[in-house]
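Order of writing sets the labels: A, B, C, D, E, F, G and H. Residues in every chain begin at 1.
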Amino acid sequence: MDENNLRHLLDRVAGGKLTVADALRELRWLPYADLGFAKVDHHRALRTGIGEMIYCASKTPAQTREIARALIEGSSGPILATKATEAHAKAIEQVAPGMTWHEIAGLVVVRPAPRSSQPARILVITAGTSDIPVAEEAAVTVEALGHDAERLYDVGAAGIHRLTGARDLFRTASITVVCAGMDGILPTIVAGMVGGPVVAVPTSVGYGAGAGGITPLLTMLNACAPGVAVVNIDNGFGAAILACLIVRPRHIEAD
Amino acid sequence: MDENNLRHLLDRVAGGKLTVADALRELRWLPYADLGFAKVDHHRALRTGIGEMIYCASKTPAQTREIARALIEGSSGPILATKATEAHAKAIEQVAPGMTWHEIAGLVVVRPAPRSSQPARILVITAGTSDIPVAEEAAVTVEALGHDAERLYDVGAAGIHRLTGARDLFRTASITVVCAGMDGILPTIVAGMVGGPVVAVPTSVGYGAGAGGITPLLTMLNACAPGVAVVNIDNGFGAAILACLIVRPRHIEAD
Amino acid sequence: MDENNLRHLLDRVAGGKLTVADALRELRWLPYADLGFAKVDHHRALRTGIGEMIYCASKTPAQTREIARALIEGSSGPILATKATEAHAKAIEQVAPGMTWHEIAGLVVVRPAPRSSQPARILVITAGTSDIPVAEEAAVTVEALGHDAERLYDVGAAGIHRLTGARDLFRTASITVVCAGMDGILPTIVAGMVGGPVVAVPTSVGYGAGAGGITPLLTMLNACAPGVAVVNIDNGFGAAILACLIVRPRHIEAD
Amino acid sequence: MDENNLRHLLDRVAGGKLTVADALRELRWLPYADLGFAKVDHHRALRTGIGEMIYCASKTPAQTREIARALIEGSSGPILATKATEAHAKAIEQVAPGMTWHEIAGLVVVRPAPRSSQPARILVITAGTSDIPVAEEAAVTVEALGHDAERLYDVGAAGIHRLTGARDLFRTASITVVCAGMDGILPTIVAGMVGGPVVAVPTSVGYGAGAGGITPLLTMLNACAPGVAVVNIDNGFGAAILACLIVRPRHIEAD
Amino acid sequence: MDENNLRHLLDRVAGGKLTVADALRELRWLPYADLGFAKVDHHRALRTGIGEMIYCASKTPAQTREIARALIEGSSGPILATKATEAHAKAIEQVAPGMTWHEIAGLVVVRPAPRSSQPARILVITAGTSDIPVAEEAAVTVEALGHDAERLYDVGAAGIHRLTGARDLFRTASITVVCAGMDGILPTIVAGMVGGPVVAVPTSVGYGAGAGGITPLLTMLNACAPGVAVVNIDNGFGAAILACLIVRPRHIEAD
Amino acid sequence: MDENNLRHLLDRVAGGKLTVADALRELRWLPYADLGFAKVDHHRALRTGIGEMIYCASKTPAQTREIARALIEGSSGPILATKATEAHAKAIEQVAPGMTWHEIAGLVVVRPAPRSSQPARILVITAGTSDIPVAEEAAVTVEALGHDAERLYDVGAAGIHRLTGARDLFRTASITVVCAGMDGILPTIVAGMVGGPVVAVPTSVGYGAGAGGITPLLTMLNACAPGVAVVNIDNGFGAAILACLIVRPRHIEAD
Amino acid sequence: MDENNLRHLLDRVAGGKLTVADALRELRWLPYADLGFAKVDHHRALRTGIGEMIYCASKTPAQTREIARALIEGSSGPILATKATEAHAKAIEQVAPGMTWHEIAGLVVVRPAPRSSQPARILVITAGTSDIPVAEEAAVTVEALGHDAERLYDVGAAGIHRLTGARDLFRTASITVVCAGMDGILPTIVAGMVGGPVVAVPTSVGYGAGAGGITPLLTMLNACAPGVAVVNIDNGFGAAILACLIVRPRHIEAD
Amino acid sequence: MDENNLRHLLDRVAGGKLTVADALRELRWLPYADLGFAKVDHHRALRTGIGEMIYCASKTPAQTREIARALIEGSSGPILATKATEAHAKAIEQVAPGMTWHEIAGLVVVRPAPRSSQPARILVITAGTSDIPVAEEAAVTVEALGHDAERLYDVGAAGIHRLTGARDLFRTASITVVCAGMDGILPTIVAGMVGGPVVAVPTSVGYGAGAGGITPLLTMLNACAPGVAVVNIDNGFGAAILACLIVRPRHIEAD
């Protein structure tokens, strides 16, 4: 039941076509049902342009295809599929011929958002080459949501001099997403340089003690530099969403 | 060496009072020294009004007093002391008679920032009464940095109906900080309601498996609702800084 | 907003005193607010007699007193306070003179439920003497909710022969709660004997590897005997609630 | 030695054909042997209709076939094989031509129970599509034991609106089993809605910190909503057994 | 029900004073009740002289006193109380005036075993001085069970030369118990020297990574030298029991 | 340098053919070199018949072949290769044509010990069918060292009645090795039955929380029944060696 | 911006061709940019001969080829590629025909350093055959940096007698690197023998509790023998670099 | 048995006063006994000047006093007591009146080494004020072993500009020890600056996820900058010993 249905119900009460008792019975399940979380999510999707996401890992290609079909039919916003293999991409293509398959990012853009009227420039940085798949998941998501992604890859350790070229990027970027594995200290360094919030994505790159992303996750959570927002290991998609929500103009109602 | 010193050095080079060779020798350590991280931090402090923080845990009261003394003399921005006991507060008071001691927050506001010209309304929520100390650390920090903190405590589990009263708070708040222990699901629920970024603070409230904040930390990192930015367990201060940085107007330079 | 308010609103719509548009605006926050979770909880409390619980750990005595005061005034069902020290008990007594303080259980029964019309006999078993505080938390909770608790303590290891006396208890009990620390195998053994669901409570009794309740928690989760329902470590209260919900007659509506 | 053997022995004692001394010698091993755990299990199987289970993981197909053969010959109750691959299924089919192979559930129903005279309606819910294999293991087990399973899949996150359709299901279901990975908060939400015991199954769906089911397991153990019974990660079979035992009519003997 | 009761029952069956049906009803609970585990334990206690143990940690002094009283009255074998504080000792003394309180071992010998007719010499070694409490728990237990304990303390790291004096001890000892914290490598070294089984007790001595006994526990479990039997961290009592059982002459019945 | 070399050196000193100074120089490295650990190991091998073991995991077949060749040439005792794949077995066969390849145990008996003059009967028990590979590693090792292994498999959970048949086995066995995964409680039960030391081997069988053998390892370390000696997860070989060392007659020298 | 650029800038200031204001603007980004970390690294590489490393794990062969190409063109020092498969090696060979592929070490020496004028002898030891890949990574790195690597493999457990042959190696080696898995005690033993710093490399060899290198890592961190420097699990490359830096003559400037 | 005893034995063999057989018997235990590890340690102590250490944690003051007494009498080298409380210090003072008690370091210098003829300058750095106790343990140990310790404290986060003053310290220091808690990135930064080996000491300073030193330990082990040697958490003493061993001139014997 959405707002239209609710209006219709009220109209019928107002018009005497529905008794208050019957309306009450109808509304009794409202709190956690017909107007429930789903609608909230739906509203949020419309307001923020975040759209819908299909998490492909541990789903069969056929399942992702059917979910994509349902989403395409049921909504008009952007639709993405993450952690997608080529098989997932091909299955989705059957119901979304215009989709785009980003192999490195493991991302299928089923239906992108239109370009934002106020596109933000979101800087996506990686410490190493191995962190690129996670960063690409973030960058392609940013683009699919109508913003601009600036990529600055492999600036940790041996390549930190490449941050030099980031001078202009830092000056013109709305927010920075930093993907790092190993010791995970790059977000701390970048946070010290940009002076603003940094979305930090620990990646599962590395080996030995604290491998699988635990070390960079802990380093980022314990970052001495303030302003580091941490998301889950390898969660480039979530980092992109968070960044887009942060840069989104906040239309705060006056009291 | 700060910008004035650097300008002075260049003046002397321009005026022929310093040879290029001597200037070079002087500048050789620049990258990681005289104009190093400290200055970056200093600049950021001035630009953002974040100021300086003394982490009191595992410091003696005398140590915190001396650090406070040095910060008071060395800077003009806001100064806070976190995880402070009463003994820390009393020691700091010796060098900062006007300080304010927030017992529940364990926070000493040595010198607050002036009220922001564009004060944000930052909503601080807790799941339970036991999460209040962490939330107060966040709320008092927000206030000490010149913004407004709206408190909405104990809205998890048995008290989630109190979110009702949050309708206006949500509408008028710039950003929301959610502190929760136990199963840590409140940030996910709030993120579904506010449609914007939520700063999630796991607290060490709870017992049994995954106690000490591990369960809410993991729940928040794995939150199915997008837009959840996680900070370290019990890190109310860090959450406040992150929130202030997110709401700070971004003066992005044009290309 | 509860059902009465909702009925009043509909009455005003039916009576033409409220426009559909205004009613819609009023109802817009319904899904997750006025008729939200809180009401669900409230309804459940009334239907099931589970009532309200104050978790005292990491709350000040004054806080627990004020929460107790609010609950006493705001509801008519049973009220309990768990993990309560004597200081908590005394503070609560100020607003609930008739409360009962169960020292070993760390439980304050602020207001018990009336005896159930269909009281169940719930058997509470411990492996050792050290598990008794957790078991008492369960047993006293059972009693405070209007049922009968049969205690059978210290039947693990050296005392398992005391299960002999349990023959009649097993025959007449509705359900069994088993509290065990150390290696935590007692629920598996009891599940093999009673042939019904067993609520297993790992306790933090023990030392060395996997201490703090981790070993019995894992043993119970991996129990080879079917029918073991696990709750959190030391969570005697939760076990009692679960047991009471399981034995509660289910009034399932016909299709 | 079963009851018949024991009766025969007593008959011979009563008839003077066996001396008390010889009978004693025969009975000396009774406590932990002839009338031991196995018989208990056997009795329980008969009383509860739970039957026998073959855990196929880390067994060869040939081993599962032989175990199935022995169970078929040795008992008359229901027999299931869990975590079964197609190879296991084919091997079992050699000795049980009428078996049913449920691919998604990884379950072979070697011999189902007859439909219960008082069949319960057990509602099986998943948060996501990826949790379906675990849920199917639960649902098929429920059906194989003579009850009805109602499936309500993919109601977490983006699809929680589908809980709307559950209104009737909740009203008519005896008990609910909830399977969830990721942040694992669905059982808490459902427990708040159904007001009864919920069997919570953490699944190994998810990635990053606390992956492999640890995060949902911890969330469920720390659930703020009362009445959540937790079983092991991915243990759909165990959840089904527990649910069937809970809904089974308890024939409690009068004192 | 013990053997006498069973004999009496059979006598009555033989004498026609008890019908087979009534005897059967009486015997129905035998498997897991009257002749159950407890009797097994009792028999084992008599055969092996291991006796009864009271685990004092998390028990009140009054509880330990009552348990001691019951054990003193109910058995004739040795009785020990482990992890006992002075308060426990004093409480036990009220019912066992002749008890001995071993402060360093945290052990109360309520009633020792008589000296064994074939006393074994059990060598108890520690790596450091800090491991002595655990070692004393082992050594005093050995003595309380009628055997001889030879102590060789502080032979790890800086003092390994003291193993020299162990030459005769090794030659004449039946078995060796080695207590070590820190890196826990002493059992491996000793196993290489004595060529026989070594009971290894990890202690919680140490700090930093893997503290609390985890490091020595893992080292001992992964010991490259064969013949290392590991018990729980700080479990000197368990090590002593294991050692006594190993050296106990095995009266194996011929086929 | 072995004893013969040492004797030769002393002979030369005694005969005046070697100066004390030269002998001292020769002996200077003795403590940790020529007569070092290796010899100790060698002596132990001869005395105990334990022999040599090749750990094949993470070795190439060629490496295992060369190690086998060296051991065959360098010693006369028994030689085994554990965790061996068929490729390892075939490689070893090239240098040891008479070797035996035990597929389930993953064990190559390169050269067995002769049958012991006092062969012990060592009982090897598993909780489930899935634990058999670990148990076979233990049993085949026992046999390769000249003792008798009695196998009693699949006696946990559904099959514990098969312990009945163990009555004679228990009576005539020297020691018992118990392999169990899942909840790992079988060693505790067996220890209660046999009244002697039990070598407990946690296996990596199981799934969910505490999988990979952690749950049974912790259960066994925290076993409430005394006399449980724990070895590493899946370490059937180590359990067999420990059992053989325990049953080996101890020739203790008189003082 | 490097020193030449900086000199040029100062020259222009000195020559009046650049205003101080413009120079300041140019220099503003200096601290963390143009003369930043990268240059530091570059300088260090030149001074120490450590060179550049490509970490191949989780990089595609094509990526490693391109990185190698860039490094070859951009520097003149030694270049190595670690954790390299044959595919990585072949890809690198396309841009570095003279490279050497060390299969066991998983190491590609793209361009070795010239032999050091003061080559150190670095002793690389392994406990077992399975540790050799890690040791080879260390040894080949040592050689590629212009020093000599002495290999002493498989000296743990059964082969510790081979340390005898190490007498001369120990006497003539500058430093020792010890690679060990399982219980990881070899570095402690070697540290006791060589009396100098030992670089300890835990390897992921082993199984069961604390597998994957956790046990040897913890053992080495808790080593009772002083002078043990620990690097990450399986990090043979890092151990070699650390050893080379330790033996490098320190040209300490006088005050 | 030391070298003198050995020489005496050989003299008697040479002089015909001891038969070869008797000498052999005497020498039989040599490898792991009379000339065993202890002597090795003793030799190393003399050669390296590292001396003896008493680890006070979990020792009584009386125990530390007696150990100190024995060490004072038995050796002539330096003696230190670590993790010492004031009570330990006072007890040791009874047998070592000239001892020095360093309260912050928790260190008693029972007998210092004489100043080295080639004293090294060892730089000890901390990230924060809270890390100072660990750093002082390192610095005082360095001094007690005859070298010079330069302290540079509180240079992480807000104070990294103080590294400026380290320019001369870095130029003149032989090696650097870096103590850091929280995110533990300082050693990586310092390693990038000094271009030499850095001894990294994780401290237990910090809170939340990965507290107790786990986060800095993991960060240091995964440090992307080469040349970081890690010791155990809070092990300032071990870091000092390692640093002293690294800077000690290596007298490598020619081949």
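Quick notes on this one:
The definition used in the following text is that contacts are C-beta pairs under 8 Å (C-beta built on N, C-alpha and C of every residue); 3 or more make two chains touch, one makes a residue touch a chain.
Just so you know, these numbers come straight off a predicted model, no measurement behind them.
The chains that touch chain B as well as chain G are A, H.
At the interface between chain B and chain C, two copies of one sequence, fewer than half of the residue numbers in use are shared by both copies. When the contact pairs of F-G are set against those of D-F, E-F or B-G, over half line up by residue number only for D-F. For the interfaces D-E and E-G, the C-beta contact count is higher for E-G. Averaged C-alpha coordinates give centres for chain D and chain H that are 58 Å from one another.
With each centre defined as the average position of its C-alpha atoms, the distance from chain A to chain F rounds to 54 Å.
Multi-chain contact residues, meaning those touching two or more other chains, occur in chain F at positions 32, 36-37, 39-41, 53, 157, 192-193, 208-209, 214, 217, 221-222, 232-233. Those chain pairs judged to touch are A-B, A-C, A-D, A-G, A-H, B-C, B-D, B-G, B-H, C-D, C-E, C-F, D-E, D-F, E-F, E-G, E-H, F-G, F-H, G-H. For chain A in complex with chain D, the touching residues are 1, 29, 32-34, 36-39, 41-42, 52-53, 55, 57-59, 63, 67, 83, 202, 204, 213-214, 217, 232-235. Taken in their complex, chain C has these residues touching chain F: 127, 156-157, 182-185, 188, 206, 208-210, 214-215, 217-225.
On chain H, the positions that touch chain G within their shared complex are 37, 40-41, 43-44, 47-48, 50, 53, 121, 168, 171-175, 192-193, 195-197, 199, 217, 221-222, 226-233, 238, 241-242, 245-248, 250, 252-255.
Chain contact summary for the complex, chain A toward chain G: residues 128-130, 157-164, 167, 189, 192-193, 205, 207-209. Considering their complex, residues 3, 6-7, 10-11, 13-14, 16, 19-20, 23-24, 27-28, 30-32, 35-37, 39-40 of chain A touch chain C.
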